[in-house]
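Presented below are the structures under discussion, each in the form of structure tokens.
Both of the next two complexes hold subunit A, though its partner changes from subunit B to subunit C.
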Partner chain A sequence: MQKARQGERAFEKMEKISAELFVVTYGSLVMQLLEDSEGKVEEVNNELYSIGYKIGVRLIDEYLAKSQTQCRTFRDTAEAIAKVGFKMFLGVTADVRNWAEDGSSYSLIIDDNPLTMFADLPDNLNNLWYSNSLCGVIAGALEMVLWKCKVQFHKDQLRGHDCTEIRVSLVEQLKEEFQQEDD
Partner chain B sequence: MPSYTPPSVVAISIIGRHGSPIFLDLFEELDEEESLWLQCSLASSLDPIEDKVKQAKGDNRYLGFVFPSGDCRVYATTSNTLVKLLAVLKGEPRDADVRNLLRLTHEAYSAQVCNPFYEYSTPITSQKFRNGIRKIVADTKLKPA
Partner chain C sequence: MRNAKLLERPIPKGKSEVSLSAFAFMFSEMVQYTKTTPSPADSLSVWESRLHKIGYRVGTRVLELTVYRSKDKDTRETDLIRFLTFIQQNVWKTLFGKQADGLVKVAADKDQPNDVYLITDSDPLVCHFVCNPPEYKNLSSSAFVAGILAGILDGAEFPAEVTAHNKSTEGGSTSRETVYEIEFKSHVLQRNERLSK
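So, the complex of A and B:
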């Protein structure tokens, strides 16, 4: 509950743009990638992830500045992403579910993915993860705060699944490295 | 005493620039002859539509009744992108209801155009769009004028 309120407050501080413009821009980006890769869908999935990753490593600083949340454990990061991060940047919240027994992975369930507002996936592109850049953003952001994770789509309503689900799995917790000066 | 039938939707059609067919959905069972008649009526409506468009002012133009076709009437609205949205209706519905029907159809078409996978000016094959139009027609109550 507290994270949800933090999310609302952070959302209010953010500058807003037209959702339609953003969504149509994202759609054009996906189409251009498909054209450039000459229909190699796996390549496009990877490119979208890459693009998202580069966004995530930058976005995390703004997130920390505007939201002022503290994440001490991996568990904390889940709620922070779902209720604060998603709210701040996409205007919607996600649910955290299906925690693994050892607490090393969880699912983010998105009810209303704004990126897919107008999109309707044609049958021949059924192995495209349209919003894969979201996975990249989450992975990039988490890595900057020393949680190295594997983030991937499990289900997408655009593909006809019953929900949109991103699985986040902890690979390792990174340690801060200090460069040793040679004497 | 003749039984009263309320006005109903026979077909919704979208025609693009240069008369290219974008979308057609039928809401009544038509045999081959009636189906051909419908296609002819839609094609024949294009000329009176052009005439009305030249006389109208402003960009998004509701043209109203444009062409009679047997016991049906063709109503149309156009947009500044030269796309024509037509509704073939039986009976004489209220103007406000027809305006509403065509407005909702136009909104559905605008959303479809924003689908990045849809190539502009090609026929719309999306089942999602078809379901959307069916819902609009199902929810529209046409009252007689």
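So, the complex of A and C:
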């Protein structure tokens, strides 16, 4: 698949770092969030999303600069995220499945989420979406290219589900606004 | 326990990689988060200590992984210098893909009652994309790595105070060289002396 090859080529060109350092640091950050919020899991989910969103808004620039993908439709963006975006930054690809009939939403299935490499959820954190930052990153990046989406976790292997699934739903396509300069 | 399979999986070999950008983005958000949560940091040292704390957790885990993967996993290192060398070489390699540049001992003198050890890194990966704005020019993002070191040393029963010093923030040079100053607790140094006799 062409996008898969683009993803691999982009990943090859990126400067790399040990996945373990990344993953353990992420875990430590999640633990800090939990400590700071005094165990309010929903707050942590939102904070993780917000952190991811701020990353996504900046990540899209690097993505566009370093990958050769062109997305004209919402469908294109799905494959681009799964095969190029994920590969470029996290070194793994995702699958795009379960398209809605009207083509406005799909699922990203991640087989081997690197973020959860060493993670296990205790019972009292049953409502935590550990990798929620990923949703924020996707939403932030897409919004910068004018696809306003709702991105949320549907299933997480960390929670005992059979797979890790992120649901992306298009809310609206934004129009680029140009400020009229008064001369 | 939800993820029972986690314990059945073999320990990864440590070869998997992610892009440096992914880490840099996350690190940047982490630095910004620690500035304001749980309350706005009222001094640079509070800010740095929060980064230190996050690094500490990383350190204890990285210690386990690196020791497990090393050739001498059946013996626990009890010699100070050998352990510091282990950090400089193996641990740094696990974390950053290269060895730290130097390990130096600064002998005790009238200003400093105990020997202090310095690990130097001429180009810390973690701070590659960090540029301090003028109002925070003395912030050391390497406080995070200092935390990692502190976690490792504590985990191996060599408790110490670890602080990071960037050349760029002191003296105005543009070098990214960072020195990690390790000040062991007195009992560690005494124990080391006793054991080496």
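Rule of thumb we're sticking to: the second predicted complex is superposed on the first by the 180 of 183 C-alpha atoms of A that agree within 3 Å, B and C clash if a C-alpha of one lies under 4 Å from a C-alpha of the other, contacts with A are read in each partner's own complex, and residues count from 1 in each chain.
Keep in mind that, in the parts below, contacts are C-beta pairs under 8 Å (C-beta built on N, C-alpha and C of every residue); 3 or more make two chains touch, one makes a residue touch a chain.
Not measured: the values here are computed from a predicted model.
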First (subunit B), second (subunit C), both or neither touched by A:Gly91: second
Contacts of A:Val171 with subunit B and subunit C, given as first, second, both or neither: neither
More subunit A residues in contact [subunit B versus subunit C]: C
Partner chain(s) touched by A:Cys71 [first = subunit B, second = subunit C, both, neither]: neither
Contacts of A:Asp120 with subunit B and subunit C, given as first, second, both or neither: both
Contacts of A:Glu20 with subunit B and subunit C, given as first, second, both or neither: both
Touched partner set for A:Met31, first subunit B, second subunit C, both or neither: both
Touching partner for A:Ile109 - first (subunit B), second (subunit C), both, neither: neither
Touched partner set for A:Ala4, first subunit B, second subunit C, both or neither: neither
Where subunit A meets both subunit C and subunit B, residue numbers: 20, 24, 27-28, 31, 117-122
List of subunit A residues in touch with subunit B within their complex: 20, 23-24, 27-28, 30-31, 117-122, 125
Complex interface listing, subunit C residues touching subunit A: 1-3, 6, 12, 14, 16-23, 25-30, 32-34, 37-38, 50, 53-55, 57-58, 61-62, 65, 94-97, 125
Subunit C-facing residues of subunit A, complex: 11, 14-22, 24-29, 31-33, 36, 47, 51, 54-55, 58-59, 62, 88-91, 114, 116-123, 133, 157-160
For the subunit B and subunit A complex, residues of the former touching the latter: 111-112, 114-118, 126, 128-129
